[in-house]
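Given below, in the form of structure tokens, are the structures.
Next, two complexes with subunit A in common: one pairs it with subunit B, the other with subunit C.
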Partner chain A sequence: MGDGTTYRRGANSIVAARARFGLVLLVPFLALNVIVIVGPSLATAYFSLTDWTGVGPAQWVGLDNYRRLLSEAEFYAALAHNLVWTGIHLTVPIGIALVGAAMLARIRRGRLVLRLVYFLPYTVASVVTAAIWQDLLDPERGILTLLSSVGVTVPNGLVLLGEQATALPSVAMINVWALWGFLLVIFLSAMQGIDESLYEAARIDGANAVREFWHVTLPGIFPTLVFVVVISVMWSLLAFDYVWIITQGGPAGATELVSTLMYREAFERFDVGYAASMGLSLTLISAFVTIGFVVVRRKGWSV
Partner chain B sequence: MVGLMRRLSRASMGVALAVLALYAMGPLVVLVFNAFKTNTEIASNPLGPPLRPTFGNLAEAWELGNFATTLRNSAILAVGTALGVCIVSYLTAYALARLLRRPTGMVLYLFVSTAVPAQLFIIPVFFFWTRVHLNNSLFGLMLIYWALFTPFGSLLLRAFLVSLPRDIDDAARIDGAGEWAVMTRVILPLARPGLLVVALTTGLFAWNEFFFANTLIDYEELKPISTSLLAFRGQFSRDWGLTSAGCLFMIGPVLVLFLVLQRRFISGLTSGSLRA
Partner chain C sequence: MTTTISRRLVLRGCALGSLGLVGGLGSVLTGCAPESGSTGRPGTVTYWSALEGAPVRRYFAQEVVAKFAKAYPGEQIKVSYKNSHDLEREVRLALAANTAPDIVETNGPAFVPELAEQGYLADLSGYAKQLGWNDTLLPWVPSLGTIDGKLYSIPIQFETLGIFYNQTLFDKLGYTLPENRADLEALCSELANQGITPFAAGNRDFAQTIEWFTSVFFSNYAGPQLMYDVLTGERPWTNQVLVEAAALMQDYFQRGWFGGGVERYFTTSFNKVHADLAAGKAAMNMEGTWFFAEVNNFFGKAGGNNNDWGFAPFPSLRDEVPYPLYPVGTGGTLSINADSASPDAAAHVIDFLIGDRKKAAERIAAFPAEFALPLRFTADDFPTSMDERIRTAYVDLMTATGRGNIGYTNWTFSAPKAAVEIYEKAQDLVAGKLAPDAYMAGIEDAFQQDLERGFTPVVIDPQVNNG
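What follows is the complex of A and B.
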């Protein structure tokens, strides 16, 4: 046995000691994670198989809650509203952000200031954003009155947030206002990573701004675009704040989302087992979407 | 001709960017304007700047909305969340970046954690927290925020720590520093910029958070500004001057901090941002 082996053994034990120290350092995170997230998540799975009012013992009912969920028109209506919400969020904010970022990437003067300005709404609390837009959409003194004063005819007393047909898209558009600048900044930083020589080559080939956007910019930021699509779908399926703050699901259920319905079942109707089945289903749906996208991306699919 | 076209497209681009700026800032500007107008003025001039600025709304809202208390509660939540997340995230990130031999699984776990929706666990959290009297407690709420934001903080700090050269630790170890000293005295000072980003981002998340605050706190004197502002608006919904002033109390501190430290805010908020 030469000195080399002893030395290596010494080094190994130092590395092992370091790794043990590392495991100790993970304890606070793991404790928090188990107490707040893992434990309660498992409890949700359990409660979803029971009939429970929140107090007293939970009654095992097997898959009854899920059967009820699949036969409840209220749930399908809410899911449909989530799909409308998703459709709006996959088009409007992503569209504005893509075009805005492409324009912003082409200018130098004022780029940093504009980036800041566009990003600002994202830092505003949902409660405040809701307040601002509820005031702005007021039929008597909001921006609609401004439109009619410059000659655009607005139907008399149009209450965008109070009509069944317009409430859901209106609330979604309020969320869009808070979101698009955030997406724009993400796209902008991805676009700034595109090799400048690709643009030069495109210009030599005589490409105009639109073709440049299609053939250089979009392919260049494709992974970022996929990421943004995934979080947009996820956030749309889980949306809660704006509906709860602005319309509470009304008028007459026109803006009820799965999350707000779940919240009502759990904390107002105290049908906790049923609400838990809704929470778990919602999570599974959003997980499937996310995993689906990851798999599709791994397979090298592109448009 | 080509030159003219280019100039025209430059001009229309400028117009489009200005319209976007108006879309982003207009609503905020109107809010600030209205906070300084009397209701009589708002009725005749709902969107323009105040012609006779008044501080009456701010003073009245401060009293009626109990903002001294709710701002304090939110400040406790934001600072406590930022501190706690920084500490726990630093320990986690340090272990992953410098100590563990096979950290990949744990890193993957952190990524999954950032994507777990609150809807999956909020219901049992409410009933468990109520059982052990952690509802209606700022600490109970903070505990949730720590758990929500440490995966994000750990990933961000880990990326930061991985970028620091290994020689720093080795040199310190050769000089006889123990593992604890390397972590707290050698690497920690270097990690400060990353910690600041984590603190700002999670502090803002906590300040703005609504879902859990709305679920767990119903004592008036413990409400953070997010949920109490909602109640305040419900109470004075037709009094725009007053409610605008209340909103200003909530976004004022954020705007000031954001304008001063915008780069760190933006880099934090756009990095690995799976948690809204």
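What follows is the complex of A and C.
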């Protein structure tokens, strides 16, 4: 009895010591996060309540920046563009990646090579990808000219990145092109974790490839799919690089996103306080998505 | 399932960091020291320069950094090169974090008043007097950097906007350079009928460059006095003359005279603009004198054609406006950090750059765009090896501005919020999304906010006898 208590005490003290050691190991990373994320985030929250221009003292203005934000058509237009961007990214790359991964999962020879090929665009720097696509979409020597020269009917004078209606979808599709291979790899990894016997059972029941995908593959990777959807929403809210490189929010604001508008307010108009309020609002929207994700996890999906 | 941090996530994190959400403000708060901040070592002058490209940086190292060290024993320049698009942002963050270099370069006089008001910049008046800067700078230049009677900045990279034209094409078709609106419109119509784009143009590489057009249309339609009154708040941006100027710019864009159409303008790169001009696909290109640095790469043997180029002022767009008129601009300013440990040495650096006209002219001859300082040059100051067209352009520019025939570039004379409104909404204007009167009303609104914040730059008075 006494020996058992001693043993448990010893075991407990080892566990406690390990926990303390673990905490010690975490300290540098926590400190880094405090310096890089928590401190500046608190500062951002503070500056969003001021009229700070980036230099000099900041005057307290209360909620004025948020009131202004809610009354600015420019902000709503940018937010609407973010929603369009999100809509495109929730459908096109996920759809292509799902179908691609399902097809790739069915073949054995060349799978690795194809996976690498599809993944390759994701490894190319966004400035390089942007430059390539700017040339590919050039109205005089790009894809449309090529299609036109081989007899495909192209609307006369169509300039994809220069037209109000087509600029945002065009930039979004460039981002999709760079991204979908990454999603494919994620989906493929998830699909490879599905028990093969489930497919065998489905085949015995007479399921064809589509039914297999619908009734076995999709439920099998559902947690991953939810994760990809959540991360896609967050990425879409934070989207910046391709728009800034390719169109800088133009033509005439047609591709302005909240992030590019925020950059302009902070570093062109020197309205840092207002830009901070914009950034914080975007963070809150992202937080809602993250909380939703956490709730979903607690419901029992191991994502 | 484990989540890995993706490259894109990191990239976007960095992007947002730079927006001030995380990193930008963070570096201010935590005082993260950017590279090459003020060293505190007397005699060593830190300087963040926006000079771009290896050749000009090599030249600067040889002709300025090395020769300065010889001229001033015990003093040296420690230069760090920054992307010109990012320099203003980095300087502001560094000033707020007390890690800015000894010599503070800004994007232009419009950015100086706020920094001076906050006490970040040293008063240069004493140095100007002691080192005789007023005798070498053009007479109106010191006023650009003077706030409440104190000199805070010296403009660098003096520039103007004008027409680069394909001389060979003009000669072949027998066209003459337009000097007024009627001639310009007749020429553009004729060129368009011939299937030649009147002006090669595009802002794909840098959307903000649409302000070249607003600067020219406002200046050459309104004229010096009206623009001066508007920029100083004496008259509103919504006055009828400027609304007409905006309408004219919208009309020319809609006719396809700039870049062959609005959509093409938004997707055409500078490289293509210059190549089209040199090849004769376009007859003219409305651009700044910084293009002197590159123009010879596109024409003649270097450009793979037999064409030649010329430069001329943009036509007057209203009878009341004089010709020639040059919209004046500066690509940046130099100031001394108020917290510099080496203010005297920093002043010596500025003096080294502006004090000797002949040396400064040699630097212009080597790199016309980067080292075009607004000094009292005469034709004799420039080396004989210099391109005659460039020399003539600079001398004409000095003469015309001396007579008060000046226009005002957006990036030099517009207050910060108004300046952004002008180039941001100009895209809506030329695309036909915004009416000219609404465009001008937006600018007026932004300008009033600048006035409230006290962020209006000094504007050259065209009535002042500039000598």
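We adopt the following convention: the second predicted complex is superposed on the first by the 267 of 303 C-alpha atoms of A that agree within 3 Å, B and C clash if a C-alpha of one lies under 4 Å from a C-alpha of the other, contacts with A are read in each partner's own complex, and residues count from 1 in each chain.
Please note the rule applied: a contact is a pair of C-beta atoms (placed from the backbone, for glycine too) under 8 Å apart; a residue touches a chain by one contact, two chains touch by 3 or more.
Computed from a prediction, not measured in an experiment: that's the story for all the values here.
Once the two complexes are overlaid through subunit A, subunit B and subunit C clash, as defined at the top of the document. Using the contact criterion defined above for the overlaid structures, shared-chain residue A:145 touches subunit B, although it does not reach subunit C. Shared-chain residue A:293: touches no atom of subunit B or subunit C.
Applying the stated contact rule after C-alpha superposition, one finds that A:182 touches each of subunit B and subunit C. Touch criterion met: A:47 reaches subunit B and subunit C at once.
Of the two partner chains placed by the overlay, neither subunit B nor subunit C lies in contact with A:199.
Contacts of A:222 after superposition: neither subunit B nor subunit C is touched. In the superposition on chain A, contact is made by A:120 with subunit B only, not with subunit C. For subunit A, the partner that touches more of its residues is B, with subunit B and subunit C as the two candidates. In the superposition on chain A, contact of A:66 is made with neither subunit B nor subunit C. Touch criterion met: A:209 reaches subunit B, while subunit C stays clear of it. Overlap of the subunit B and subunit C interfaces on subunit A comprises residues 35-37, 39-41, 43-44, 47, 54, 122-123, 126, 182, 235, 238, 240-241, 244, 259, 262, 266-267, 272, 275-276, 279-280, 282-283. If you check the complex, the residues on subunit A that touch subunit B are 15, 17-19, 21-23, 25-26, 28-29, 32-33, 35-37, 39-41, 43-44, 47, 54, 96, 99-100, 103-104, 106-107, 114-128, 131-133, 135-136, 141-143, 145-146, 177, 181-182, 185-186, 189, 209, 231, 234-235, 238, 240-241, 244-245, 259, 262, 266-267, 272, 275-276, 279-280, 282-283, 286, 290. Within the complex, the subunit B residues that touch subunit A are 9, 13-14, 16-17, 20-21, 23-25, 27-28, 30-31, 34, 42-43, 46-47, 87-89, 91-92, 94-96, 98-101, 106, 113, 115-128, 143-144, 146-148, 150-151, 154, 179, 204, 207-208, 210-211, 214-215, 226-227, 229-230, 233, 240, 243-244, 247, 250-251, 254-255, 258-259, 262, 265-266, 269-270, 273-274, 276.
By the touch criterion stated above, subunit C contacts subunit A in their complex at residues 1, 3, 6-9, 11-12, 15-16, 18-26, 28-30, 88-89, 92-93, 95-96, 114-115, 117-118, 120, 203-204, 206-208, 261-267, 269, 416-417, 420, 424, 427-428, 430-431, 433-434, 453. Listed in rising order, the residues of subunit A touching subunit C in the complex are 35-37, 39-41, 43-44, 47, 53-56, 122-123, 126, 134, 137-139, 157, 159, 161-164, 167, 179, 182, 190, 223-224, 227, 235, 238-241, 244, 247-253, 259, 262-264, 266-272, 275-276, 279-280, 282-283, 302-303.
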